[in-house]
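Got some structures for you, see below.
The following pair of complexes shares a single chain, chain A, combined with chain B in the former and chain C in the latter.
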Partner chain A sequence: MITSMILFPLVGFVINGLWSLGSARSGRRVPPSVSGAIATLAMAAAFVSALVARSQLPSDGAIEVECFRWFTLGTLAVDFKLRLDALSSLFTLVITGVGTLIHLYSISYMSEDEGAGKYFAYLNLFCFMMLNLVLGSTLPQVFLGWEGVGLASYLLIGFWYREEANVSAGQKAFVMNRIGDLGFLIAMFIGFKYSGSLDLAVIEKAVLPGAVATSFVLLVFLACTGKSAQIPLFTWLPDAMAGPTPVSALIHAATMVTSGVYLLARLSPVISQSASGMMVIAGVGAITALITAVIACFQRDIKKVLAYSTVSQLGFMFAACGVGAFGAGVFHVMTHAFFKALLFLGAGSVIHALHGEQDVFKMGGLKSKLPVTFWTFTAGWAAILGLPPFSGFFSKDEILHQALVSRSGSGWVFGILLIAAVLTAFYMTRLYLLVFFGSPRMEKSKFDHAHESPAPMALPLVLLGALSLAGGFAGEPVHLPHPEAALSTPAWVIMIVSVVVAVLGATIAYRRYAGGSASAEPATDVFRIDAIYSRVFGGGLRATASATGWIEERVVQGLIRMVAALTDLSGNMIRVLQVGSAQAYLLMMVIALVVMVLYFLKGMVQYGNL
Partner chain B sequence: MNEVIHTLMPWLVLAAGILLTLLVSVIRVESKRPAQISALLTLVVTGVLSLQAISLPGEAIFAGSIEVSSLTRILLALFSLIGILFVLGGDRYLGKERIHLSDYYHLLLILILGAGIMVAAKDLVVLFIALEVMSLPAYTLAGFRRNDSRSNEAAIKYFVLGGAVGAVFLLGSAFIFGATGSTLFPSIHEWSRQSTTGGNPLFAAGHFLVMVAFLFKVAAAPFHFWKPDVYEGAPTPVTGIMSTLIAVASFVTLVRLVHLPALDASGWETYATAVKVTIRSLAVISLLVGSLVIITQKNLKRLFAYSSISQTGYLMLGLLASLHPGQGISPVLIYLFGYVFAAVGIFVLMTQSEPRGDTGVELVDLTGLVKRSPFRTALWSILLFSMAGMPFTVGFFTKYLVFLSSVGTGETPLVVLAALCAVVSAYAYLRPIGLMVMRDADPGAAQWGGGFWSQFVVVVSVIAVVFLGLMPNAMIHYLKGIPLIH
Partner chain C sequence: MTAFEPWMLLVVSVLVFCVGLLGLILRKNLLVMLMSIELMLNAVNLCFVTFSKMHHLLDGHLTVLFVMTVAAAESAVGLGLVIAMFRNLRSVDSDQIQLLRD
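Right, the complex of A and B next:
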């Protein structure tokens, strides 16, 4: 079952990929409905397999399926093995379940697009890689998925590549993720060095010496900041919204960006060994949650609001992991997948209805025009605010509670998250009011032509709406060890506090935006982080590279060319064939040789061998 | 005598094939087909014979100056395979460039014979002869585009520098002979075990000189300056052969030469440290030069020249690990094999531009390729992914194994640097994919068109890259535990 779960999306990818390659050659288009149906069926089949696999899972055990021996080197043997336990099972259900709905939604959404075949191939590839990531039983396998989802994401962000901005968004995502990958690679080698194995089950149990544990945790976390868009590597995610909206919902909200949380939860026994590492994770998570929530309050683009909101919610999850409440973090991954996918798809439905309009200040009054979208969006809104009994309430409340009472938690993590929660309520209510209430602020013809999305788009909305409403009652889906409590603040106090802050934030937004008389606000790079980054890092890397290139080509070669020209007096021949530089190369070689011999003789003299 | 002939059969077949190829090209001057077919046949037979003998025990012949072992047999088979792939894949290129001459084929065979003897040589003099047998045809082939000044320039540079390297090697050999009284590897090794003076200066100077000669051949920075120029000027299939066949033969020989004295013998600690520091520094310089300068390259051949410089850097990580007791060189061999499969595909793809074979080597020629030629784009992408070290391609594995073996010997800082370089240089490999998939064709972009055999070779190499990425054990099984020396 586990194998078939992973193979279905692969089959879908191969069929759609080959077909669209073939059709590009012959010039005939792949009908979007057919390739969409193939991709959706592949995902549905994977979902069924995931359900069956879940039902076969022993209550606190794991199922392992050995596929083949991947490689052996000396005593090290690494198998290609799939491992399903409670944690990975939850992720597979979310990936295939939400994935199926989003594939279904995409059939209508992409029906006008000439590249639909390619789109569905990429989407299936993404799901295949994501399943590899969560089912991989060794670090190289997880890394395979980790890189694979990055690749698919990169391809899908730049899907509409004729717009320059999309291409550069794809590249930005790529570069930031590579920085994170470096952390992953090095952490993997450290893990191998100290545990002697690449198997997750072994590394999980490894006991690392203090400093090594901290550097391991920080390197893993660096990888997570790249993939899950945390400070300082978060700026790629809002730009990634250049891709089609269902992609934003699936990859950049529900699944890929949460793989950092997965990795931390998976390695939680090792992560917990470093108190200072945990503190960094909690701090970075909380601050990310706050800063990006502030930025979200100033955005005009509906998708950008949701994008910053995603980064902010991921910050909540990391803060939870940082205080040791891995279970709460994973719980929030699940509920967030429901409501954020819903909000994105709802936004997609709005954008679709308004023929591509994304500015919330040019919307308004859509409540009656798009009833299904409106009601489901309401469920998503209530869930992200954390109103009971919606799903977000349970998970967010758990995170806030643990942030306060856990031994590794603290008042200030709790405080920052609380402020972030107020802001979350504020910007989401602002968005909600601006889009659906008040008087229409777009051209009249656009408003009149706005119509509810067709059934294949509405059905996923309804299902996700139901999940956003009821998903929280499932409770913490994975039982990871709870952190020790240092305080005994009862849970109901926190519950009341968290509801109060949500209502507070919503009220402020209501007072400001309820009239629909929204004055245009500046929508900028609020903290100028993007501008600073592109100057410092982008410029820096390019400058280093071109400087090295320049030194290589001009200075070094120029210098030796000059020396060579001086030494060689027989001029003419040289210019014709440029043998001058060959002699220069020789000279360089001799210099290097002399340096080496001198170094070497020095060593010999020093040690008395000469 | 019979036994010697039996052992040397693949090499003898190859030598006979050279004569046959020469003969048929003289008999029918106007057509190059007979020479081509004769070369192909020779290579196939050589490859099959060496593969067939692969599990036979190693044998030292000619008073120990040549040792035929599983390693040399598998390498000869690999060289024959590379030769076959480039004969098939370069066919159209040579036609388009109007340099399709029969001489191309026997020169290629001589080159392969030289490389095949070089990796079997256990004697400095035999090694020198093999080196020259390999290099002389390479110089000629580099200048094969006679009417192109860059090609001529490349040939002359390659020749002059190569000649100097030969001299350096000979001088080093003379020093070693003076110090040890022998040119045979096993005797030199034996001498080093017994000499407790650990690095007699004469020997040390000689050893350094012979190593430098091969550091030049593998273009470890700062001995790399010739490479971009020669790569750019030489005909593309010849560049491909340099980048694969000559690189493998040279690196394997370099490993042999580094291991020439017993560095773990008592009294040799200082010397061993000096060797390690040298290799470590050259690895660092090669990695930095290769992966930083590659970002600025716009010409594909130069790009892959810098790529091969950084590959040398990664390989030197493996070489360094092999100097630690108990470590083999299998990561190095696996790396070389993996690299060869991706590089063959890439260089053959590069020859597929129209109307001439050497027009499509600028990055701009790749723009919008997915619209013009989707299948070729897919092939390009997979090969470039392998170069960038993406998982599920062989390129990921080979790097990964080298890094692992290096971490195991305590070279963690070096591995961190190498991983950083891999991350940085990935940009250079993925940018062409971006240009192919996410850009409309530039008006000046070259046309592309392969021809069956050329495309066939690329597909074979892509299949190998993916298959070995998923099932690297198929390759590791053959290469692990192969003793390099003794």
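Right, the complex of A and C next:
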């Protein structure tokens, strides 16, 4: 079952990929509905396999399937082995389940697009790689998936490659991820050196010496900051919104960006060995959650708000991992996958209805025009705010609770997350009010033409809405070891606090934006992080380049010129001798001969031979 | 008849060789240069014969015969070249023949 789960998307990728390659040759375009149906069926089959695999899973065990020997290096043999346990099973269900819905949604979202075949091929490739990532039983396999999803993400961000901005957004994502991948690779080497194996089951149990554990944790976390868009490598995610909206929902909200949390949860026994590493993770997670929530309050683009919100929610998850509550982090991965995919798909539906308009200040009053989108978006909104009984309430509350009471948690992390939660409520309510309430601020014809999306788009919205509503009752889906509690604050206090906080943020936004005639705010890049990066790293690179350019010109080329000049000089000196007269050469020859004869004669006289 | 002492012959040989060498270096006429080469060859021949006689060996005599044969061939080729050169350049002056220098 595990093998078939991973093979279905691959088959879909191969069929769609070859077909659209062939059709590019022959000039006939692939009908989007057919290739979309193939891709969706592949994903649905994978989802069914994942469900069956889940039902076969022993309660606290794992299923392993050995596929083939991947490679042998000296004494190290790495098998291609799939391993399903509770954690990876949850991820496979989210990937294939949400993936299926998003594939279905894409059929109608991409129905006008010429490259639909290619799109679905990439989307299936992504799911295949993502399943590799979560099912891989060795670090190289996880790395294969890790790189594979990066590739698919790159391809899909730059999917509309005719616009240069999209292409450079894809490149930005790829390059930022490469920085993280370096951390992954080095962490893999450290894990191998100290545990003697690349198998995750062995590395998990490894006991690393103090400093090594810390560096291992920090390197793994560096990889996570790349893939999961945390400070300092988060700036690619907002730009990744250049891709089609379903891609943002699937890759950049629900699945790929959570692979960092997966990795931390997977390696949690090792991660917990380094208290300082955990502190860094918690701190970075919390600060990311806060900073990006602030930025999200100042965005005008509906997808950018959601993108920064995703980064912020990922910060919550990392903060949870950092205080040792890996289970709470994974729980939030699941609920976030539901409601953030829902919000993105809802945003896609709005954008679709308004023919590509993404500015929230040019929306408004869409409540009656798009009823399905509105009601499902409401569910997503309530879930991300953390209003009970929506799913986000359970997971966010768990994170806040653990941040406060866990032994590795602290009031600081809790406080920062609380402020981030207020801001989350603020920017989401702002977005919600600006899009659906008030008076329409777009041209009248656009408003009149706006219509609810067709059924293939509405169905995923409804299903995800239901999951956002009810998904939290499942409770922590994976039982990872809980952190020791240092405080005994009862859970209900935190629940009340988190609800109060959400209501507070929403009220502020309501006061400000409910008037209906919201005046447009300029979109501001609050912390100018992109500008700083381009100043520091771009400028640094340019400075280094010009310095090395100077060295190249003056030193390296100078040396070469010196060699040339020396050759030239010696040539000119010898040239004097080359008079061209045979007799002159003869004279030189005779003189040389005489000198040589005299020299040898002198030697012979000295040694008494003569 | 006074027998020549070997050293006298060797002195003559050295002198003739030097005359030939100087002639080759100093004279500009190609024909004279060829003749100088012949002088040097004959000086060497004299040397060979002298040593051969001193050591009572036949090798020197044989070598002289070889040298004379080769010298004949060489001067035939050399003269041919000089004639060809004269036809082309209307001169047998070695200073005029510096085509490779430019």
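Here, the second predicted complex is superposed on the first by the 547 of 610 C-alpha atoms of A that agree within 3 Å, B and C clash if a C-alpha of one lies under 4 Å from a C-alpha of the other, contacts with A are read in each partner's own complex, and residues count from 1 in each chain.
The criterion applied here is as follows: a residue touches a chain if its C-beta (ideal position, glycine included) is under 8 Å from a C-beta of that chain, and two chains touch if they have at least 3 such contacts.
These numbers come from a predicted model, not from an experiment.
In the superposition on chain A, A:182 contacts chain B only, with no contact to chain C. Of the two partner chains placed around the shared chain by superposition, chain B is the only one that A:147 touches, whereas chain C remains out of contact. When the two structures are aligned on the shared chain, A:193 is found in touch with chain B, with no touch to chain C.
When both complexes are overlaid on chain A, the residue A:452 reaches neither chain B nor chain C. In the superposed model, A:71 lies in contact with chain B only, and not with chain C. When both complexes are overlaid on chain A, the residue A:301 reaches neither chain B nor chain C.
By the touch criterion defined above, A:586 lies against chain B and chain C together after alignment on the C-alpha atoms of chain A. Measured by the number of chain A residues touched, the leading partner among chain B and chain C is B.
Once the two complexes are overlaid on chain A, the chain A residues touched by chain B in the first and by chain C in the second are 578-579, 581-583, 586.
Chain A makes touch with chain C in their complex at residues 578-583, 586-587, 590.
Those residues of chain B lying in contact with chain A across their complex are 152-153, 156-157, 160-161, 164, 168, 197-199, 201, 204-205, 208-209, 212, 216, 222-223, 225-226, 229, 270-271, 273-274, 277-278, 288-289, 292-293, 295-297, 328, 330-331, 370-371, 374-375, 378, 390-392, 396-397, 400-401, 403-405, 407-408, 412, 415-416, 419-420, 422-424, 426-427, 430, 434, 437-440, 471-473, 476, 480.
On the chain C side of its complex with chain A, the touching residues are 21, 24-26, 28, 33, 94-95, 97-98, 100-102.
Within the complex formed with chain B, the residues of chain A that make contact are 21, 24-25, 68-74, 76, 140, 143-144, 147-148, 151, 155, 158, 161-162, 167, 170-171, 174-175, 178-179, 181-182, 185-186, 189-190, 192-193, 541-542, 544-546, 548-549, 552, 557, 577-579, 581-586, 588-589, 592-593, 596-597, 599-601, 603-604, 607, 609-610.
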